[in-house]
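One structure is given here, and the rest of the page talks about it.
The first chain written gets the first letter, and so on, giving A, B and C; residue counts start at 1 in each chain.
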Amino acid sequence: MIKDIVEGGWSLIAGMWVTIRRIYRPVVTVQYPRKYLEMSPAYRGHIEFAQFPETGSHNCVACGTCMRFCPTNVIKVQGEKTHTHSEKRASLYFIDFSHCSLCGLCVANCPTQTLKFSGEYDLAHYSRWDGVVDLIQRLEESA
Amino acid sequence: MANEFLEPITEQTFYLNMGPQHPSTHGVLRLFLKLDGEYIVEADPIIGYGHRGHEKMAESHLYEQFLPNTSRMDYLAGLILNHGYVAAVEKMVGIEVPPRAEYIRVICAELNRISSHLLWFGTYVMDLGGFTPFLYSFDDRENILDILDRVSGSRLTYSYCRFGGVARDVDDEFITATQQFVERLRSRWDDYHNLVTKNVIFIHRAKDVGVINRELAMRFGCTGPILRAAGVPYDVRKAEPYSVYSELDFEIPTGSKGDALDRYIVRLQEMEQSLRIIEQALERLPDGAIKAAVPHKVRPPRGDYYFAVESARGAVGFYIVSDGTSYPYRLKARVPSYGNLQVLTEVLPGTLVADTISILGSIDIVVPEVDR
Amino acid sequence: MAAWQNLVNFLGPDLTRIVVGLVGVLALVQVNALFLVWLERKVAAHIQLRIGPKEVGPFGILQTIVDGIKLVSKELITPRHVDRKLFMLAPIAVFLPVLVSFVVIPFSERLIIRDMNVGLLLIFAFSTFNVLAVLVGGWASNNKYSLLGAVRAVAQNVAYEIPLLLTVLSVVMWSNSLQMSEIVASQSKVWNVFWMPVAALIYLICATAETNRAPFDIPEAESELVAGFHTEYSGMRFALFFLAEYSNMLIVAAVATTLFFGGWKSFPGLGFLPVPGWIWFFAKTYVLIFVAMWVRWTFPRLRFDQLMNFCWKIMIPVALLHLIVYAGVIKIIN
C-alpha cells in the first residue's frame, strides 16, 4: 500500500520532470504568416506546364491521356492543328484544382513530360471558380 | 436497435448519443449507449456517417485511377494501403517489381506505420485527458511527414506506390534523414515512458480496461495490435510474407491479457520493431530501377485475386474480381477497423463512460476506413 | 477630498473599508483571471514546445482582454428546453461566493478587508456554494452530458472537502485560531509546510480537486462529457464560469499560502529585502498556481471511481491519522 503510493508519486514526479524541462527548449512551431517553410522539391501542388528550352514553350500535344487517367475528371484539354498534317498542339488546358486529389497520374502518364507539379500551396480561395487554373495562360505569364 | 428509440425510458436507464459530433469519437462514429448512471448497459456503434462508396467507385474507375482512393480509406496509413492495392494488381497482372522499389516501399510503409502509431499514442493519451504527450508525439510524427513529403510530395494521402514500382526515387538526403529520425525516436522512448507508460494515473486508466481476450478477438475477426495484445502472434508480414519482409529480421510483439495497457505496450514495441526494419532495409537498399515496365493500361486477366498486407491497424486485404477489362468488376477492401470496431458491443457493457473513451481510443479505429 | 470625507462620514469607517475593499476585489478578480488565462496558455504552450498567444500586446498579454470583449459581445443563447431561471442563475451563483471569500484573505499585514475571527470558516462555507451552482447549472441545462458532469462535480467536491477540512484543522489547532491573520502570525518562526508537509500535500491535492482542475477535472472532462456542466453555456455566462474557475484557483492558492506558506512573510532568509508583504504573498500564490498549471499539462485524467477511491481510501484515512498525530504532538509541545 505505502509502496504503491511512493512508487505512484515518484512516477508523477518523473512525468513532471519531463514537462518542466521542455519550458526552456526552443519551440518547434513556425509562426506561419510571418515565416514560411520551404516546400520539399517533390511537393505536389496543382499541375502546370513545364517550359522546354528548345521550343521556349510547352510540349503538350493534346493527346488527352491526362484527361482519361484523371480519377476526378478535372482536366479539360483541347488542341488544334496549324495545318492538316502538323502535330496537334494544346490550345486550351484547364484544370479545376478544387476537385483535384493530387494523385499525380496525369504527370506520370504524360507522354511528352510536359506536365509537372507546381510548388504552390496557398490555394484557398473565395469562389469555386477561383480554383480553375488556365495552364496555358499561366505559362505565358511566367515566361 | 431502431425499435428501441420508441421504447419508453425506464427510471433507471437513459440513452446517451455519443457522437457523431463528439471530441473523442475519432471522426464521425456514433455510439448509442444505454446508461445506468455512469455504467453502460448496452452499446451500439452506428457507422456509415463517413460512407463515400469507395468500393463502388472502383467499378467505374480504371485500375490506375483507383489508387488515390486507397489512401483516403485509412488516411493514417495511406501508404500501406497504397502498397496493398498496388501489390494486389501486380499479382493479377504478374508484374515483377524491381528490388529497389520493394525496399523503398517497405521503408516508407514502416515510416507510415510509425507515424500512425505515434498519432495513436498522442490521441489515446489525449482521450485520457493528458494533452502534452499529444504534442510531443506530433513533434516526432512531423519528422516522418517531412521525410515522406520529400520523397512522395505529399504528407497524408501519398499515392506513392505505382504499378511496378514507386513514383519517385529516393536520394541520399532521404536516407540520412531517415537514419537521423530512427536515432531521434530511440532517444525519445525515455521521455514517453516517464511521461506516460510509467505514470500511475495512466496505468490505472488502461490496466484491466476493455479486456478483449483471445476468443473474443478471433470471433470478431480482429487483427493487428488488438489480436496480438490478446496473445495471438498473427501478423501478415510474418504469416504470409509479402514484398521483402521475409528477408528482414523482426519480431512480433504480443501481449497476454488483451487489455488497453497491453495494446498500448504492443504498439510501442511495434514502433521499435519498425525502426529495426527500417534500419535493415536502409542498409540493404539495392541500386537499380524503381519501376518495372508496365503496360500503358492495366488489363488483368479474368479471375479473382486477393492480396493482404499488414497496416497499422491490422490486416488489409484487397479482393478484386476482374472480367478482363481495364475496370475492376468488383473490388472489396477488407479493412481491420471494421472488425475491431464491432468488438465494442461485447466489451463496453458494464464499463463506465470514462472507460468507453479509453477502450475506443485503445482499439484505434479510423472511421473513414470503417465506412469506406 | 471633501467628497471622500463625506462618504466616510456617511458610511462609517467599517463600511467604507468593505465597499472600497469589494471594489478592489472585483478589480483583482478580473485582472487575475485575465492574467491567469494568459499564463495558463503560455505555460501550456511552452511545455508543449509552442509559443502560445503572441499577437495582441507584448507577449500576447492583451489576448484575454480581447477574448473577453468577444465573449461579452456574443449573444446569450438559452436553449429551448432548459429551466430558464435556474439556467440564468447558475453563472451568477458560481461567481458571487468567490467575491465574498476575498474579504477575509490577508494580502499583507494590514491589507485585509475584514479580519474576522472566523475567517477560515467563512471561506470554506462560501466555497461550498460553488458546488451548488455547478449542480444547478448542470441540472438546468437539460443535457445529459451536463447532468453527468454536475453529478460528478457534486460527488467529487463533497468527498474532497472532508480531507481538506481535516488537514486545515491541524493547522487551526496549531495556531489556535480561525482568524487568518493569527494563522499567519503563528508561522513567524517556521512555515507550516515544513513541519506538516503531509497536510500541505493533502491540502494541495484536495484544492486541485475542489477547483475541478486536471487531473481531477472529471466534471468537465472534455474528452468524455464534451464540456461537462457548462456544455450549454455560451457567451458571458460561459465567461462567468471561466472567471469563477480562475478566481477559485486564486482563492485556494491564497488560502494555501496563508495556511502553509507563511502568508505575507518573506521567504526564509530573504527578510532583509525591502519588499512589501503583499508582494511576497502574491509571489507565493502565483508559484502555487504555476505548479497547478504544470500538473494540469502533464497528467492524464483519473477515472471517476478511482478518484473517489483515492479520496475515501487514501486521503481521508491519512488526513485523519495526520490530525490525530498532530493533535498529540501539539498537546505535548504546549
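Just so we're on the same page, contacts are C-beta pairs under 8 Å (C-beta built on N, C-alpha and C of every residue); 3 or more make two chains touch, one makes a residue touch a chain.
Bear in mind that the values here come from a model prediction, so they are computed numbers and not experimental data.
For chain B, the chain with the farthest CA centroid is C. Taking the mean of all protein Cα atoms as the centre, the chain whose own Cα mean lies nearest is B. Counting C-beta pairs in contact, the pair that comes out ahead of the other among A-C and B-C is B-C. The centroid of the Cα atoms in chain A and the matching centroid in chain B are 25 Å apart. One simple way to say how far apart two chains are is to compare their mean CA positions; for chain A and chain C this gives 51 Å.
Chain C has its Cα centroid 44 Å from the Cα centroid of chain B.
Of all residues in chain A, those that touch two or more other chains are 12, 15, 18-19, 28. The multi-chain contact residues of chain C, meaning those touching 2 or more other chains, are 47-50, 297-299.
Within chain B, residues 132, 139, 195-196, 199, 201 each touch two or more of the remaining chains. For chain A in complex with chain C, the residues that touch the partner chain are 5, 12, 15-16, 18-20, 22-23, 25-29, 31. For chain B in complex with chain C, the residues that touch the partner chain are 14, 16, 22-24, 38, 125-132, 135-136, 139, 195-196, 199, 201-202, 204-205, 352-358. For chain B in complex with chain A, the residues that touch the partner chain are 61-62, 64-69, 72, 132, 139, 142, 146, 149-154, 157, 159, 162, 167-168, 191, 194-196, 198-201, 296.
For chain C in complex with chain A, the touching residues are 43, 45-51, 54, 294-295, 297-299, 314. In the complex of the two chains, the chain A residues touching chain B come out as 7-9, 11-12, 14-15, 17-19, 28, 40-44, 68-71, 101-105, 108-109, 117.
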